[in-house]
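Listed next: structures, encoded as structure tokens.
Presented sequentially are two complexes of subunit A, the first with subunit B as partner and the second with subunit C.
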Partner chain A sequence: MRWRHRDRSLLLWVLIAGVLLALVVNPLVRLLWASVHGAAGFTLDNYVTAYSRWRYLEALGNSLVLGLAVGLLCIVFGVPMAWAVSRTDMPGKGLVWAAVLGTFIVPSYLSAVAWILLAGPNAGWLNRGFMALTGAAAGPFNVYSMPGLVLVIAASSFPYMFVFTRSALDLISSEMEDAATTLGAGIVRTTLRVTLPLTLPAIMAAFIVEFLEAIALFGAPALIALPGRFQVMTTTLWQFFEFPPRVEVAAAYAMPLLLITVLLFWLQQRIIARKGYVALTGKGGERRLVRLGGWRWPLLGYCLLVTSLGFFMPMVVVLQAAFAKAWGRGFSLDNLTLHNLRFVLVDQPLTRAATVHTFVYGGVSAALALALALAIAYIVRRGLVPFGRALAYVAMAPFVIPGIVLAIGFYAAYTSPPLVLYGTAWILILAFTTRFLPIAYANSDAALRSINPELEDAVRVLGGGRLLALRRVVAPLLKRGLAGAFILVFIPATRELSAAIFLYTTGTQVLSVLLFDKSDEGNFEYLAAIGLILVLGTVAMVLAGFRLIGRDFMLRRTTA
Partner chain B sequence: MSKLALARVGCRFGGVVAVDDVSLALASGEFVSLLGPSGCGKTTTLRMIAGLLEPTSGTITMDGQVISAPGTSLPPERRNMSMIFQSYAIWPNMTVAENVAFGLEVRRRSRDEIRTRVEHILGVVQMAHLRDRYPSELSGGQQQRVALARAIVVQPAVLLLDEPLSNLDANLREEMRYEIRRLHDEFHITTVYVTHDQAEAMVTSDRIAVMHQGRIEQVDEPRALYARPRTRFVAGFIGRTNFLDGEVRDDQVVFDHFALPQALFAEPASLSGRVAFSLRPQSIHLRRGRPAASQGTCAIAGQVVQRAYLGEHWDYAVRPQGSALELRVTARPHEVFEVNEAVWLELDPGQLAQIEDRPP
Partner chain C sequence: MTLALSLALAFLLGLAAPALAFEGEPALYEAAKKEREFTWYTAHYDSETAAAVCKGFEKKYPGVTCNYVRTTAQVAFQRVSQDIKANLAVASVFSSTDTSHYGHMKKEGWLQPYTPRNLSELIDAFKAFNDPDGQFYATAAGLVLITYNTSLVSEKDAPRKWTDLLDPRWKGKVSIGHPGFSGYVGTWVVLMKKLYGWDYFKKLETNKPRIGRSINDTVTMLNARESWVAAGPSATTLISKDKGNPLALVYPEDGARLMVSPSALMKNAPAPNAGKLFMEYLLGKECNEIMVKFRQDPVNKTVKVPPGMKSIAQVKTIRPSYEEIDKGIPEVKELFRDTFGI
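Presenting the complex of A and B:
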């Protein structure tokens, strides 16, 4: 009798919760299980293998050095730019803003390819320019080094630092600075003693994000560190997968990466949560811009220099190489050709298929992630199942799982029965879905929050069920917000490399994987053409996002 | 048999008791308001009637059938009610006509019938000319009319309104009060109306249930509620009032430095020991000289301590001689007294409403 009155949609909610557990929890559990499991049951041998060789430990050390150096360099790059754009009368802010967005759009592995063309020993543009100017026999730049790797990653990932710092600066009222000025402090002293300390929590939080980004990256380190004969954690993990794959050892080796990430994100949340430090909750008071006088142009120059490293210079060499018969012959009309693009898009079946895969997988996983995230956000917001909060945490959990770790978990979970997905496109699609679920969830939840629950109550009171309310009222109202969320998932899913590299097989390559695979053939014209297709695809989606959601949609802090 | 009955209904959220032991019965076609300050449990009660919330104790019955009880409640879509929400909850993705037609579509009425009934009800609420507008193109009052039309067109067994006028400006609010009552007089739908505005409740309702801290304090017709409040809270919430605390001694009711004969009170027999009363400011009259003793009224000497001119009337505070009390008195504009002036208070003890002597 009781069931007669139960909500018939309950079964659906339970099913969705089950899918979520399979996507997020199962790979993690299997990863952990694999790491402590050997032929004879429970064992710690895998951990011993993973940490008993000097070069594995050295790789771990390299990763930490890389993360710290990238974080520090990002402060140098990002903080002055954020201050200049937020608080000063520097000219050309629109240009700087566009360049930062551009930096976001160029994947870091493409940036690494570009820097190989720029600062490769001898043949790189910068070295050739140096030799031409000074008549020296060799150029000073070598991208295949730890400093080179740090520069490439920092130059392409500083936008996080910029966005975090700028949001904090945007919330500091001029009155706080005026208070210091009226007490006799000059601009420099006020900035150093008042403004910057107020933004310190944001800077620290961004530092953590940069650190984690740097140690979790696979593409750029693999392109630069391996030829430079040094290793980081992610490249070491990849080598465990060279035939025959040693998943158990990889799983054990991945654990510190997972732990560091979880701990630091927890720390970052604590830092951000200390609102008493700075008025991060709302705009306070009037804001005036600092007048820079003669310093306006040098500051703009600095901003353009930084964005040149991350955007302008890489894009110029990528464009040149993509349209060149041979990139080394430079910028002349007779060197121009459309052959590379045609070859990649039309002639070569492998790259043609990869192009299709990239956008199909990206689209399907964005749709899946969005459907799942929306359902979970709805369940949690409307309190439809007990312990809904826990579902929200699970949906956000992939945020603190490095892509490479998630990939190993997926490999461990879905290469053996009962569910064999390895070898199919689904393992890539589901891995992307899981990896970007947090973006979808955060955006779905925000969209849902804007809908008054009374709109649904009205449907029910008038005789419609909950599913009718979803179909006739909630879905139409969410359309716009969800289109934006779709784009925000679609973009990273089309460029994903660090999970895809572990999960692709012949027949399911995507462009990012292909770009990486072809890199050791040294055919940079094709690499550039592949990269250009990815960038153009992203630009098209970003433009669509502008139309749907507005100019700021990618540089909001919630998505960073 | 009552149309809708709440029997000892309670609702708690965790440790918080939102609604506590509420019983209420509505006759068919009756219009009852739940009136009370915010947080008194009136909206929670309404949502339980709608089926949007489940009671944690007690039962709700409609036409004798249990529709809500702890653990087993009929879902809202199967109660044949309709509800008007504080936010109106007009669906912004549908036009006026589509909004109104929705309930009929769910009930699978024929297309012709839907068209006829939507046209008719839009005419009744004077919205026929705006039938193809989207809600964002309507004013607040127009949205309110759409909400009314949408709720009434399905001819619900019970109509529920949750603070429907609180988002309108003052003039429109007054107009809509009468509109709601007019629609009730036309359709005779059993109605529960939640509001914190006593004037709204008084204009629209057959009976008013005053709620306080999750309980119903008093259910009565508007006039009885004003003239005969039974608790300190009701007396203070409905209109302004004076509270008088006294004690019955011999055949007198003794207050602070004045006394009134027990025989003149409305129900003299029920008075004994410590007693408390509510006396409306309109029930006291100010006189310059001692009024001639007349049937049933008493006179008390006092002094004006404060006054305010409010255009439609004077608002005086008068202290009976030697007393610490300050009685509020409403006087007509031409009855002018100066501060500190000695006056006589003329009042009818029969107007004193005895209230439960529960300190506020």
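Presenting the complex of A and C:
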């Protein structure tokens, strides 16, 4: 019996390992191979080229600063909001949650364009408002700076932090807090000493995700860092792809980042391993809301302020431009037109095809990534096979690879036999799956981690098999978490740019590519119109998703 | 059927069919119809113009679908190189603004020679930019010149020549593109270096210019009132002005930078006949009439520019030679990065 079970697990392990080999290892190995190969065989010249210039090193340093600053700012933005929505009686939770979702849907390159209008040093709306109010000669805001870039990226990517922390908080029962309260701790002390520490694994996972997201972005830095006169890693990588493309140098340049990621995860494991974080025991688990009293409104204000940065304010700018004849003329009735939307929808047949592609590829990628991630997370968590942890590392590896580099790896691996995918939709779908596998994995793992194995053991003690335990106990418990994880992969897949731009062909255009092409056409009216279609389309898809799986997976089922 | 009747019929048919644009058109059109569609990679204009050009082609030649893929020059070239490496035949016609791409493609044997019959209608001044071996032909032209936001700068205060951009009163208010991204900007930088030496950019650096990627980013910067003056493109600026944005052009006294951009037929073109037909069309009258509507400079000598726009013949223009561009762009990219730090 026992051997048969082992065999089946082993088979699954081999299957998953095979898939990961194709999705992650093969493209990476090709890149690594390229990085140490020159015309005359083995060489380290590429590394010398990649690191011999101060400019290139400085860009790496900038990326590190960017990633750390974005990660920290996201904690400031996301954790209080997650706590407010999950654990307190703050009013307007639905609104806050919708705004967070909106923030997540708006691509950071779109909000970067909007922020140029909002906080441009000479004429940004915020600066003009400040000057009008104070009579000062210049405004205080400058989007073209490292703080500007950090703010724009953090304001548009903090939803990872929010969702990770929030799902962790939702699983912590009030009993633990009650215990602290009984022992005489106040709300603040209980929150800081009991509630938040229990969410530490989630916060750390989210921090890593934010860090990697920030250093892998290409669109927002190209729009903000270049005019701000500094380079980051991705904009430097762009140089290596200029004609003649030096993929091998790019590969060499990207390699040390893998080490940093491994280091981060090792650190996370070290910290988590020292403490026990199993919080969901299946024994009751009632959750009560903290009464905030007079603090309810300031907290709501904070939530709305944060979401204004990443959602409300950029969307005002996008709406203005999408319906403007000439966006330089600002708000006025005679400046209104539907021409931009009509052009992108009717006169440019590409937009319609790209819209369909965007959502189909996004949906398929999300489903694939989730299925794969869940299988890996389960195998690893329950220790079903030896060397399971290796699978986990491989599954997390893609996040550190900038989309551009991943795309080049995919390109190198799948344009020649035995497996030719270039020119088909599959290369995009699989690249998206790979790129967002870490999000799916981190989520599945966090969700599984909080389920005590005793729950399954109970089923098995009673004579049920592992599959029965999975189906009747684990799946229902995970449902909400997984639906959330699906959305967390689907949305970034719909706005993914850096991988798409190298892998699309004429028949497989997606909206992000169309949008990015518009960003250097000087045609902000059309860009905004396409951006609006992307945002509204995603919102419609997500709302349809809620209809199907029930809205409650994001909002609390009851107010208890 | 009597001879008279068939003659009359032939006469009627002749009346109904559009006049022959060039010799051999019907046969080429028939062959193109069998191919049904073709793909065109273009960096010559913005997507609105590319869409209109394609639509015009489909109207003139029903039954042949024109699929355009509009990107920047570097991306278009990257795309075509990727296709070829992957043994994919996608594009039939390729239109870049970076002339060095054509030299490379020719050397690699990626192009197929075709001499368009409509070449006789090409403006004479542009003929020098055609490939002597018949592998690529000038099909688009444009200018890099000085642009400004009229709500911030009055006409009399506007810069008149390139060196005026170095004036300290434009400190923090000048917008330019990046030669690492844009073929237009790259050749403009080569030209400025040729005219005024690299000192020009060292001085410009002290004016803290706002550096975008594409030359078209300058239009965005001016519209946003973030920059007041710019080294910008003629067509995109004029299109934006037509929409009502407060923009204007200055034809610099020391010469506007003339960009002549070729198109070529790919050797592995999946639709070679449609591609040839399209090359003819790009040089022909109908296409150029569409182009001028979108503020592109015509390359067909029978097409006149609309009011509000100077024809290239009326403007003092300068441009480096192909060799100077091919050699100059990689060099100025590095210099530019050293000077501006990005």
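Note that the second predicted complex is superposed on the first by the 342 of 560 C-alpha atoms of A that agree within 3 Å, B and C clash if a C-alpha of one lies under 4 Å from a C-alpha of the other, contacts with A are read in each partner's own complex, and residues count from 1 in each chain.
Assume a contact is a pair of C-beta atoms (placed from the backbone, for glycine too) under 8 Å apart; a residue touches a chain by one contact, two chains touch by 3 or more.
These numbers come from a predicted model, not from an experiment.
Undergrad: Once chain A of both complexes is superposed, is A:389 in touch with subunit B (first), subunit C (second), both, or neither?
TA: Neither partner.
Undergrad: Who does A:189 touch here: subunit B (first), subunit C (second), both, or neither?
TA: Neither: A:189 stays clear of subunit B and subunit C.
Undergrad: Counting only touches as set out at the top, which of subunit B and subunit C does A:415 meet: first, second, both, neither?
TA: A:415 contacts subunit C only, not subunit B.
Undergrad: Does the superposition put A:291 against subunit B (first), subunit C (second), both, or neither?
TA: Touch status of A:291: no partner.
Undergrad: Under the stated touch criterion, which partner chain does A:464 make contact with: subunit B (first), subunit C (second), both, or neither?
TA: first
Undergrad: On subunit A, which partner touches more residues: subunit B or subunit C?
TA: Higher number of touched subunit A residues: C.
Undergrad: Let me test your reading of the model: by the given contact rule, A:55 touches which partner, first (subunit B), second (subunit C), both or neither?
TA: second
Undergrad: Following superposition on chain A, which residues of subunit A contact subunit B and also contact subunit C?
TA: none
Undergrad: Residues of subunit A touching subunit C in their complex?
TA: Contact set of subunit A toward subunit C: 55, 116-117, 120-124, 144, 222, 225-227, 229-231, 235, 238-239, 241-243, 245, 325-329, 335, 343, 347-348, 411, 415-416, 420, 422-423, 501-502, 505-506, 509, 517-518, 520-526.
Undergrad: Help me check something: in the complex, which residues belonging to subunit C touch subunit A?
TA: Contact set of subunit C toward subunit A: 39, 46-48, 51, 55, 67, 69-72, 74-75, 77-78, 81-83, 85-88, 90, 100-101, 104, 149, 172-173, 178, 180-182, 210-214, 216-220, 222-227, 233, 236-237, 239-240, 243-247, 333, 337, 340-342.
Undergrad: Taking the touch rule as given, give the residues of subunit A at its contact with subunit B in the complex, in rising order.
TA: Against subunit B, subunit A makes touches at 1-2, 5, 7, 452, 454-455, 457-465, 468, 472-473, 476-477.
Undergrad: For subunit B, which residues count as touching subunit A in their complex?
TA: Residue list for subunit B touching subunit A: 50-52, 71-83, 85-87, 89, 91-93, 102-103, 106-107, 150-151, 154, 160.
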